[in-house]
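When the chains are written out, they are named A, B, C and D in that same order, and each has its own residue count from 1.
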Amino acid sequence: MITSVIFFLFAGLAIACAISLVYHKNPLYSAISLVGVLISLACIYVTLAAPFIAAVQILIYAGAIMVLVVFVIMLLNLDEDKPVVNRLPHLYAIGGILGLVLLAQTFFIFYAVHRAPKQAVNTDETVGKTLSIGAGMYTEYLLPVEIVGILLLMSIVGAVILARRLEYPQLEIVVDNELERRNESEIKDEFRIRL
Amino acid sequence: MNTVFLADLVNPNTSLSAILPEMIVAIAGTIVMLYDSFAPKQRVVTGAISLVGLLISAFVLYTMWGNADIPANAWGGMIANDNLRLSFSFVALFVSAVTILISTVWTERENVPVGEYHSLLMFATVGMLFMASGNDMVILFLGLETLSIATYVMAGLRKSDLRSNESAMKYFILGSFSTGFLLYGMALIYGATGSTNITEIALAVANPNFPALLLIGAAMLVIGFGFKAATVPFHVWTPDVYEGAPTPITGFMAAGPKAAAFASFMRVFVLGFPLVAGATASVALHETWVTALTVMAMLTMTVGNIAAIVQNNVKRMLAYSSIAHAGYALVGFIGAGVAATADKRDAAIASVAFYMLTYAVTNLGAFAIVTLLAQKNDRRTEFEDYNGIGFRSPVLSFALSLFMLSLLGLPLTAGFMGKVLVFRPALEAGNSLLTILVVVAVVNTAISAYYYLRLVVVMFFRERTTEWLAPRISLPLAAALLITISGVFYFGIFSDRIIERFSQSPPRAVVKAEK
Amino acid sequence: MEAIIKSIFPIAVLFGAATVAFGVVMMIVAYTVLAERKVLGWIQGRIGPNRVGPWGMMQPFADLLKFIFKEDIVPDKSTKFVYFLAPIVAVTCALMPMVVYPFGPAITNIDLSFLPYGLGDGIKQIPLTVAQIDVGVLFVLGITSVGVYGIALAGWSSNNKYSLMGGLRSSAQLISYELAMGASIIGVVILAGTLDLNGIIYAQMSSPWYSRWFIIPQFVGFVVFLIAAFAETNRVPFDLPEAETELVAGFHTEYSALKFALFFMGEYVNMFTVSVMCATLFLGGWYVPGLSHLFPVGSLLYAVFSVVGFLIKISAFLFFYIWVRGTLPRFRFDQLMNFGWKFLLPVALANVIFTIILVYFLNS
Amino acid sequence: MEPSLATYLALSGILFTIGATGVIFKRNALGMFMCIELMLNAVNLTFVAFSRYYADVTGQLFVFMVMSVAAAEAAVGLGIFIAFFRNRISIDVDDANILKN
């Protein structure tokens, strides 16, 4: 009873936040909506008896990744999207078709799984607890954990290279090129500050 | 039993010998990174360390071919040790090594963070190796992501150039988008079969828990892998990304990640979704994916070739050509899928690996020359820039012509043998659909002659309008050209030696993964 | 009727427990504020607040009233929705960890048969924790890391460059020090073998004498945690987000009245949280050595004295905070970042490795 | 009505649909990135639901890997956005039009 209340409450919240994520033009509002989705999903994981994943979801997604995104939004001081100028109209068609196909597929999955012969849902309460995750991670998933280590190391290197400021001579070239291309002198000052 | 944490910890089979090639490359990458942090911008040293790492890894890989000691259930059945893994790993190592040689020109000319570049390339190689060796979807996923993330960064390495930024951004967004589909596919397959291990999935497809999810999951996987392998209709990112990325990286992206994507693609579909006679779910799945991929292969070849004709930029032309070649490779892939016996299947897999090798050797050679001719900032990549250079830089233009002919598939070159071998399993299947597919492929080869020969014509029979400074060929680049040119002839003439090794699986006793 | 009561009872108990915990925490926080002003006064040779009530004891309530009745100013060009959201996020995230605080040991020798409808049947014990969850440590870390949004959004939405700078600095600082904080806890988790806060206390109780409190084997971890905790709560010497001399008042420059009070409260609740964590992870939480010889384990008195012991430990930490504020100067921003990344984090990681080696040898 | 496996899968499918459509409708690279994160989260929900159904911890371990990868991707992706922004003062994908379409 409580489970289903929690589930439907947060499922609704998640979907509402997801729609708001797509709907809002302001990236910061989108980010806040996404945080809403992430936290709702964390609560839903609790109903699936996966407290560890729920905690990690909040810790990594909401607490690290999305903070980084919000940080970048604030750092770049992004405004609302400009009105559509040169958007290719066929993209909307593609988006619509893709959405419909995926939605149909969702119904199909629901139908297929709903109709499948009921197998008793396993209620092994230890699965999902920290102990089982830890044991799995150091036995069955030892190699993936090692690969993730390499992956994270590499992405640190990559992120540092990309986000590092340009050195001065290169910087000048970039500014001049861009100004020439844009032919807008009024943005010049802003540009130099931003860089 | 570990008493500290009161948990029954079964010690996993941590057989290091099973992942030795991957480990060597990863260690070499880490050494490069550490060395660079203490002595920055030593491009000769870091390049040499990387090359040595790749060579040692290749040697270890070579010894693994006949080695039966590697347990089949290494790392809980997560690592496979068959001809698919070994041959594609070899292709990956080859591509990386040649890329390092080619990129010397570029790292010398421009102010790139070279130590980081080399270590990223090494980590990308680790990703490719795991994509070839993973026998569990989680390894395939992580290998793919390691490769992709490294490639995103490498595409954006020339930070002051807007084209490079743009290429990295498009690649990143579309790449992660496709990863989403790939993961959804993996999740649904896991749901349908109850496992992420390819061997176990192959056993479970005969009687899956949710047959419908299996089909949807497979479709999602096609989208995900199709993006990475740049097959139509998931190819839209390719031309832009290939054009904008630094030229040596483009060469790498066209050869390496594509081969790795094919390795994973084939691992999941050919080995994971086999035809189990009499099992409805399995038959339906197999029929569906073979038909879908056949259509995709036809589209890929045709769209790639037709779009390549109208290009005026050499890098874009090569990008579309790489799409077309993905189509040809798919023919062999489908051949492996419909193969009647395990031996034939292994031979078909070997032919795809061989095709990727021939494509890599030719393509890298072409990109070596494009890199050299592009000059500083990668500016000169239009067809016009190649006008009339034929007899002023004869070595370069003859080599480039050779590579074009090999891409086209002229006899005696690697490209010809690659095509022949990759079409053969599809013809042998005796299936009318596959015969049509091969016919389409042959027609496409004829179409492709137009744009490959156009470059040759431009080089030799057009007048130069601007002044021409013949670029100096440095030693590493000369080595790369030597390797690729001799590779084109060697693979073209002695293809049977390679294919024999590629189709040879190390003997294995039990396949069932230990859980 | 009976069925309804039976189904509502557990929820009601949970709400009751949460309310009690909330009340206790709020009272402590209110008096922490007063204590801060008093202690700072003494350190600086002043008396501190002494007008409202005896020795100024009613000062917190006077402050509260003042906050409620002040004019609430909303900047014209602020992003309204986010501007309102920020203090709510800040205070919610500060209060959430309260549900896993291990206030005391469970009371086991109880008789609940006097309750009607047999509601007490099957209840063997009354735990002095609102919700005992398997991943308590992660829960606290996760919720506090979400608290960054309150500050970042407040800085962004005020449409004021000082606020924005304050918000940015604070996000950067919190993200950086969260790593060191998390890494410093790992040592404790390895020794305890659980992420459950009560479990960690029990693990300390059952340890051999030389690691009865984890501060002994984990002294390095303790120091790192303490330093990171100062940064996480934006306290001196890490209070850069609100450095008056540079940033007016940082992210909450534009906030007034009750909204400001929420930020203020959130900050002090966070202080309380890290003190609870510190006491639980490193000083044995509610465990007072020797207490079990005086009272039987599980009795009401045992629980009461344990709670008192716990509160004394927390108060010691709170006093330490105030003491530091009164005596230390502020870091510069680059010093703060360098300190966090180049010193604190490596030390914490070295501590983790050291702990792993220690555990390995102790168990083999 | 107790939520069943099918309900969880439906929720995950809807979130995935919204995310995938959002990637195409959004014009802002950061917005697209956030929609991709939404897709990954939908996938995670599928994994956890099946993990619960089979009482098999593999699904949750997979989710953990996905989260780590998402973190790595976020770091690199934001680096790419910053590099692009430094050159263009914009992260609109429509401004990414130097390369011919």
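Keep this in mind: a residue touches a chain if its C-beta (ideal position, glycine included) is under 8 Å from a C-beta of that chain, and two chains touch if they have at least 3 such contacts.
Keep in mind the model is a prediction, meaning the values are calculated, not measured.
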Touching subunit B and also subunit C, the following chains: A
Pair joined by the larger number of C-beta contacts - B-D, A-D: A-D
For subunit C paired with subunit D, centre-to-centre distance based on mean C-alpha positions, whole Å: 33
Intercentroid distance (Cα basis), subunit D paired with subunit B, Å: 25
Centre-of-Cα separation between subunit D and subunit A, whole angstrom: 5
Centroid spacing, where centroids are CA-atom means, of subunit A and subunit B in whole angstrom: 28
Subunit A: positions in contact with at least two other chains: 52, 56, 64, 68, 73, 75, 105, 109, 113, 119, 140-141, 144, 148, 151, 154-155, 158-162, 166, 174, 178
Residues of subunit B engaged with two or more neighbouring chains: 5, 138, 142, 145, 149, 152-153, 156, 159-160, 162, 168, 188
Residue list for subunit D, restricted to those that touch at least two other chains: 9, 16, 19-20, 33, 49, 53-54, 56, 58, 61, 65, 69, 72-73, 76, 79-81, 83, 86-88, 91, 101
Of all residues in subunit B, those that touch subunit D in their complex: 137-138, 141-142, 145, 149, 152-153, 156, 159-160, 162-163, 165-170, 172-173, 176-177, 179-181, 183-184, 186-188, 190-191, 194-196, 239-240, 243-244, 316
Subunit C contact footprint on subunit A (complex, rising order): 1-2, 28-29, 32, 35, 39, 51-52, 54-56, 58-59, 62-64, 67-68, 70-71, 73-75, 77, 129-130
Subunit A-touching residues of subunit B, taken from the complex the two chains share: 5, 7-12, 14, 19, 26, 29-30, 33, 75-76, 78-79, 111, 113, 116, 119-120, 123, 126, 130, 138-139, 142-143, 145-146, 149-150, 152-153, 156-157, 159-160, 162, 168, 188, 209-213, 216, 515
Residues of subunit A touching subunit D in the complex: 3-4, 7-8, 11, 14-15, 18-19, 21-22, 25, 27, 30-31, 34, 37-38, 41, 44-45, 47-50, 52-53, 56-57, 60-61, 64-65, 68-69, 72-73, 75-76, 78, 81-82, 84-88, 91-92, 94-96, 98-99, 102-103, 105-107, 109-110, 113-114, 119, 121-124, 127-128, 132-133, 136-137, 140-141, 144, 148, 151-152, 154-156, 158-163, 165-166, 174, 178, 187, 190-191, 194-195
Touch list for subunit D against partner subunit B, complex: 9, 16, 19-20, 23, 29, 32-33, 36, 39-40, 42-43, 46-47, 49-50, 53-54, 56, 58-59, 61-62, 65-66, 69, 72-73, 76-77, 79-81, 83-84, 86-88, 91, 93, 96, 98-101
